[in-house]
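Same chain, two partners: subunit A is paired with subunit B first, then with subunit C.
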Partner chain A sequence: MFTVVVSGLAIGMLYAAVALVYNVMFSTSKVLSVTTGHIAMLGGVFGAWFMTGLHLHWVIGLAGAIAVGALFGGLTELLAIRRVLNRSDEHLWLLSTLALATMVQQAVGLWWGTEPRPFPRLIDQTFSAGALDQKFWLPIALAALMAIGLEVFYRRTLFGKLFLAMSEDAFAARARGVSTDRIRVLSYVLSGALGGLAGFAAGQLTFAYFALGLTLTLNGFIALAVGGLGSNVGALIGGAALGLLNAFASHWFGGSYQQTIAVGLLMVVLLLKPEGLLGSKNVRPV
Partner chain B sequence: MTANLRTGIALAVALLLVATLPRWAGDQYQLHLAALICVYWILIAGLNLVVGYTGQLSIGHVGLLAIGAYAFAILAGKMGWHPAAALIAAGALGGLCGLALGLPSLRLPGFYFAMATMAFALIVGEIVLAQVGLTGGGVGLPGPVFPAPFDTPHGFYYLVAALAVLTTWLSWNVARRLWGIGLMSIRDNPVAAQAVGVPLFRAKLTVFVFSGITAGIAGATFSSLQSYITPDTFVFELSLFFFVCIIIGGRGSIVGPFLGTVVLTALPELVAPLAKLGNFFYGLLLLVVVLAVPEGIGRMVEVVIERVRPRVVSNEPIEPDLPRLARAIGAPS
Partner chain C sequence: MKVRWSKLLLRALLCTCVISGASNALAQTVKIGWLSSLTGPLSSAAIAENQGVQLAVEEINKSGGILGRQIELLTRDTAGDPTKAVNFAQQLAFSDKVQFVIGPVNSGEALATTPILARAGVPNIVIGALDELVDATKYPRAFRAINTNLQWISTANNYATGTLKKTKVAIIADTSGYGTASARSAEQLLDKAGIKPVYVVLVDANKTDLSDEMSKAKAAGADVVMPWSAATGLLGRLLNARGDMGWNVPVVGHPALMAAQIRKLLNKPEYWDNTFAAGYQSTTYGADGKLPERTQALVDKVRGKLGGGEIDVLFWWVALGYDTVKIIEYAAKTAGSFDPAAIQKVLENTKDYRGVYTSYSWSPTERNGFPDANMAMNAASTFKDGSFKPAPR
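And then the complex of A and B:
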């Protein structure tokens, strides 16, 4: 039973990490990017490639995965967000990020192969550890660290405060002399780095798999919507709830209906409390 | 030549082309491709009303296609129904599932709706894999053949072409009347649409159910055309393909998405390197269109035509009828 809780919590914390990445992007641009899950997928795939393909030390692999994620995050903003936000049509960012996500997924599929490949062990540990295995506690620890780090970043640093200012009112921030375009690129680079880190840390749990991105985009979004858009604590709670629900459901009823259960959770929360558990009502009326 | 006459001639030519296509199609493969385009178009014609006119970005219609395909394969194949009855049942089931999906999800704003429909497509895939007894699980099911006049490639082509013409006609009827204008107003400004009395939710739900019915019928013919269906047939990328066809063709038009369907279906089959790139190519195309011509290529063509042959704007000055005006305000003339 303990194993079920830990494995559910681990996958849930991966979703929570993706939800945090959503939040960072959303704070400055009010855009929910479809590429969010793909950033984590890139972190996992490139981490595995750096370590098994190029035989680099895992520290360099980690740095590489973060760099690839950050690069892709910045690229997302430049290619798919910047031009589109200048137009008034609010649907367009959905289309452009969807297009970019498809391109990345297919490119990785063509280059890396369509089969999931194993992710190397980061720390020497036997496979008999059971629930204490590193593949479970790495994502859990990472998501907690990410949430704390983001909180410190938002409250203690100038750039964090600029992010908050932009999320409150981008026009007012601009009027006060904040270069909103530059802050937005910065937030996308930061979220890309965090996504790459999350994908790297959860690599042993999810394997390095090209089609992971879409699943993570969806489940991370469900964690976010359940917890409340814009709330980091809510993202953690939503992710944990989703992961635990999935783990217990597949423990009791078998694993065939994971997605159905996840969407069921989303629908129940949206019906009862449309702004999510910890969301503020004026963020986005649903 | 009046606009009505021109439309009539264009329609007649298009119908003649569709009817005579088997005569000048080179080989069986091209005929198969034409039938595939028709099947896709049956779905896209319905989806076009949802995506192109109403602006609801549904990226999960492959789920409805799968439901229609499996319903047809199970009813006509396993249970031995008459294929015509099974076809109607598949359409009805598609409509019902569209209703079940639309009721909760159409209340959600843009991104939430897109994610809900995407989740629906994944759920359908999951259920198809899990219900081995009904759907054959990962092994799949054979797609039944239609009876006598429609069992040859030629006959089947005429069947799907007739269905495609029918759905085109239905969606055109919706699009060109007040309904179409109402739908476009929902797309462009929901607040203003509601203010002038467009029933937002009911209109959205109605076209969504219609798109569900067409998706179910497309699924039924699709399973017969493919002759064997597995869960791998209905990958999420297929949904994206439908979506890209409409966006590239241009929103708020029927000819644009139709040309998009024809070109995007035929192009990867005829140009070999594109087939290898597959969905990467669709993604790239979508990105380029969204960034360069968000209104779609169809709109771009219209703009070019207007450049080449500017519309004659007749200058009709309006003279005020001064005596009548004076009478109206009661002034002494």
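And then the complex of A and C:
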């Protein structure tokens, strides 16, 4: 049973990490980019390539995965977000980010191959550690660290406060001299770096697999919606709840009901508490 | 200036002649549509089969084509998507007016395209294993070259229960349509043999850890684990869970267990030991360590094309692709024309047409061409150039 809990928590924390990436992007742009899961996929694939293809040390592999994620985050803002937001208030970003996500997935499939490939061990450890294996604990630890780091970033740094200011009211922030375009690019680069990091940390769990992006995009969104949009603690709780629910659904009822239960969780939360467990209600004074 | 104009006129005339000559040559080709999922999930099989298809087309064209016509291969990448496969099948049959269609590669796509090709009356060489894909009445011009899924399952079941003498079977399949149907078929076949599986479970193909399922199989007293899935990630995780648990139970099942990609996903190379899967006589090394002559000849040709290195795909995929084009050549040459009705007549009266992958036989009521006698059980860890040693008897 401990293995079920730990394996559920591990994949749940990967979803939580993706939800945190959503939060960073959303804070400055009010966009939920479909490319979010694909950033994590790139972190896993490029991390594996740096280490097994180019035979680089895992520290350089990690730095490379973060750099690739940051680059793709910046490209997402440049190609799929900026022009759409400048020209329209409609949710056309859904289409533009979906198009970019599809192109990236196809490109990775052509280059990397469409079968999952191994992700190397990062820490010297035997394979008989069971629930204590690094493939479970790395994503769990990383998601927790990411949430703490983001809280510190938002509360203690100038850029973090600028993110918050844009999150509260982008027009007011601009009126007070904040370069909202630059801050938005910065937030996408940061979220890309975090996504790359998350994909790298979970690489042993997921393998380096080109088709992982859409699964992570969907489940990361469910974790975010359940925990509450904008809340980092909520993202952790939402991710953990989703991962554990999936694991126990599979344990008790088999894999046939796993996805149904995940989407069912989203429906229940949206019906009972549409703003999510820790989300704040948007009140518009009239 | 006058001289220049006359030169231009001459060139234009020459071009016109060349173009009309080329179009005449094109009119003399035989068009074969090839529905192949070269990208997208499960593309490994398609890429390998494509090597065989391309090689056969090249050889036939070099030797003068079929009935004097060069083959024009129209490859369409379906990316494993049934919707794309349907669009391409319609395009090939009604716009391109191909004389034959090979594929699609995946059964899920073929379920959607077979009725379309049947409506168009185009002879279709089926390479999907799902049992429902062929039917002499509904799809009279669809002839299956690959074995059926039931042949895989019954071969593996017979090995587990008959040769290994195991009676406590655990079935682990993925939640796809293929996995679900295969688990049900495996259970039914075991039931006929008087064996009730001790544990049956369906698992999401992307589940990241199978320790729970393997622990449950062990707790249920299983003495053999039989996975039914083509997802290499899932199979790799299953073998890793078994190895990490230190449980040396035999794993017997789907041919994908022997794919080279699995080897790369294993925590330790020895985790591939004690793993057996349904395979073929044509890609099994004999007691003398040699492959059947025809297979070896094709291996040598393909190796030459690959630059002389090791072949790291399941070689039966290549052999199957090669044979599909050869079957078309045989049918057209025997019929003496490309008339679909004549092709159908030849194919449904074919007995023991010798290919590389197997010897094919079809009849007016039977559209499955692969004989049971050509099935074999292989030991996964003996992978060499895409072929295997036989599983221990």
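Side notes on the structure shown:
One rule holds in what follows: the second predicted complex is superposed on the first by the 281 of 286 C-alpha atoms of A that agree within 3 Å, B and C clash if a C-alpha of one lies under 4 Å from a C-alpha of the other, contacts with A are read in each partner's own complex, and residues count from 1 in each chain.
In the analysis below, a residue touches a chain if its C-beta (ideal position, glycine included) is under 8 Å from a C-beta of that chain, and two chains touch if they have at least 3 such contacts.
This one's a predicted model, so the numbers in the text were calculated from it and none came from an experiment.
Once the complexes are laid over each other on subunit A, subunit B and subunit C cannot both fit and instead clash. When the two structures are aligned on the shared chain, A:277 is found in touch with neither subunit B nor subunit C. Of the two partner chains placed around the shared chain by superposition, subunit C is the only one that A:205 touches, whereas subunit B remains out of contact. Once the two complexes are laid over each other on the shared chain, residue contacts for A:117 go to subunit C alone; subunit B is not touched. Legend: residue contacts after superposition of the two complexes on their common chain; A:106 is shown touching both subunit B and subunit C. In the superposition on chain A, A:256 contacts both subunit B and subunit C. Annotation: subunit A residues 106, 110, 256, 258-259 touch subunit B in one complex and subunit C in the other.
Those residues of subunit A whose C-beta lies close enough to touch subunit C in the complex are 3-4, 7, 10-11, 106, 109-110, 113-118, 127-128, 130, 133, 136, 205-207, 209, 211-212, 215, 247, 250-251, 254-256, 258-259. Subunit B contributes residues 55, 57, 59, 104, 107-112, 114-116, 118-120, 122-123, 126-127, 129-130, 236-237, 240, 247, 276-280, 282-284, 286-287, 290-291, 294 to its touches with subunit A in the complex.
For subunit C in complex with subunit A, the touching residues are 39-44, 174-175, 180, 201-204, 206-209, 211-212, 215, 232-233, 236, 240, 243-244, 246, 259, 261, 264-265, 267-268. For subunit A in complex with subunit B, the touching residues are 32, 79-80, 83-84, 87, 89-92, 94-96, 98-103, 105-107, 110, 214, 218, 221-222, 225, 256-260, 262-263, 266-267, 270-271, 284-286.
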